[in-house]
């Protein structure tokens, strides 16, 4: 049994993680504390992996504390800058255990992670590529961070393959043509009833490849969180891993 | 057998109409002339309905001439203004036959006509609505005329039902959010391999209705053209009809 | 304010109705009782419309009792036979109030109701039609009642229009071709993560019309339940109405 | 310039290849012969790669003859058995040139090849998987060979990952649930207006990944054929390669 502690257990994501851990056959909940709770009891004698889902202002502190206590970590809190990630790497370099492991991922939805990865692999073989992301209307940013990441990955793949720029005969201004990110048009839909969805359209003469990821609710993150916990618990991933795709066999 | 004459028979659409008429069990081709060809032989003794697919600069003249010869018409040429339509109405008022009929339609793809109509009927029951149109990259205008028409129909339905404006928490400028037409966001995709496609997304709490029309090539217009020819030939539609939806049993 | 009583208020659907009524600006909760609770207090002096979401074994009794107390009803419980509906009609014929109204609907998801209706209207204009329904894997019946209803509506429309049977060159047995219902192939997908979804595909030479309804969770029924309550409260629908489509302006 | 000969140049696919070669900036047509035409002039002094699109009864003979003449080959004819492939391998073992290369592929649509490959990579991470293939109504087999291949690849990936069988609560017989291939339900749609399409649905709690390949007409095979020709001409692929995916950088 993998012993899992949850930090941020009262939050929306954290409480879902608590339920998912309890429901998993191969895991047991070793501890659950609030976002800024007392971490001193989360130690290697009772916990194998801690899952941290709090807020950007608290997360770095929590992660550094737990690294100092020798604990392996899966972190789903957002807001990580290159600078913060470097602090984590430094902490790991002087951590109590040699093989300590931390996985920080911006998105634990396996479907979204795979869609992003597949788009980056397919992009070089298609004349055209566009991204449509669709979210609930409460979302404040547009386009989504995931869609930006996908468009950039497509743009990079196209440059690497020295593809010509995409054909587009549109004349004059056309606000309907979306936002160009790294040369890739990105469209954002905000629709009551939706949660988080992304569709990547790739076109050649006579053919189209469509890759779509639907996240219907936050339970969609749990399979990815458990996969990260199991991968870390299985060992062999010491140091900092950024992005769940690193843990998938692709 | 319905005797059909085709004007603009050498054009891309016209030549498809010629083939479609020849292939129809209940029709026979009575004449086929070029865009600016000799229309004097297209008369009621040999022709029941003339189909006109030419160019905007020639179409009004052709239509007025044929009305003057007593011929019923199905017209697929684009570029009709309210003024031009009025000229057709006046010509019909003094036409040789009392029950003469002309149908002018901007789009003969039955799927597109129905999608547009269904969207206008459904719109009042949904909190959110957006339109995505997708076309081949050679298209010069964005968004498409059909998408503009659909968005306007949705906007009108929402006003009639006194719906509040759509929820959208997006902060700051967001080019990815598309072009607002009558309050409805419209997004345009230009993708190699596509022809002409439109998708209407309607959302409520917990549910979504999606209506999509795909026109894979210009053969998609032929069922609609033949339907218009048959409807006119069956009688009872004297005067000017604008839009194929008028001939559908909806 | 419309005064709404909920019968079956502890059930999954009923409790959602209680929440939806409380959240609606134009409604107030007048009473909430269990599936087999005491209905004697639900009377016209305090309640305008009662919503009944219980179980098939209790629903007819509840409905007859409330009709006898003069109360208007919206009923979402399933399992209604023609015989049971007749008993409701008889009860209404001798009801305390002349203009008493009852609406019984098998599906309150507006998107599903509209998809079904649009498919029935569009069917006569297409050579081919197939239905794909997609549900969570716990569903015990396949295909869904909604998909069967949609296929039958398409089949009827095709017969009315005297369409030839659909082209299908498949040779030999082919289990993959789905279940024929009234001549229309119906396919059922059972996929972890889904809730209740239906897609209707209609095809002509060169074109396709797709109509899709997604119900992401049971909150998707609430807009339809509230619409039925408002329509009944507005008056003019005395007698028994079966199906939410009767209350939509189509 | 790559010098390309086309065998089967009068066929539907072959004539499209002739046009595609002529349109490519980096290729020149060196010869074009019919399905059972004279191959003696297709030799290495004038041709770098021969493309063979004929019929199963002629293809093996053509391939063996051209291997004997030292010519590299891209073969799109279907109907290859393991036995026939072995004959090609033997012929290559004693071919005039050491580095001679032959690529035989059942499907040159890049979108279809990628969809199949991505499905096989993603399958181990999802609780449920189903395949829907959609084709024109003239197709005689159902499900399609591509869908069978995809289902088998998914089945293999699931066994490798020791996944439990998919959840499915359907009770009784249900013809609508499709055909089980290697444990994966496969559904076949035959719709007027369609060409060749495949959709792979993968589901987890709260999320879905959809991968869809659309081949709108046979021009969809040309980018894949040209890619194979270029890859072979670039060298380094001696021997027999089966499947276009081997030439993609995945």
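Note that the chains are named A, B, C and D in the order they appear, and that numbering of residues resets to 1 at the start of each chain.
Just so we're on the same page, contacts are C-beta pairs under 8 Å (C-beta built on N, C-alpha and C of every residue); 3 or more make two chains touch, one makes a residue touch a chain.
Keep in mind the model is a prediction, meaning the values are calculated, not measured.
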Contact-richer chain pair [A-B vs A-D]: A-B
Chain whose mean Cα position lies farthest from chain A: B
For chain A paired with chain B, centre-to-centre distance based on mean C-alpha positions, whole Å: 45
Centroid distance [mean C-alpha coordinates] between chain D and chain A, Å: 34
Residues of chain B engaged with two or more neighbouring chains: 126, 193, 202, 204-208, 214, 216-217, 220
Chain A to chain C touching residues, read off their complex: 193, 195, 214, 216-217, 220
Touching residues (chain side chain C, partner chain D) in the complex: 126-128, 130, 132-134, 137-143, 147, 166-171, 174-179, 185-194, 201-208
Complex contacts: residues of chain C adjacent to chain B: 109-112, 114-115, 118, 121-122, 124-126, 202, 204-223, 227, 248-250
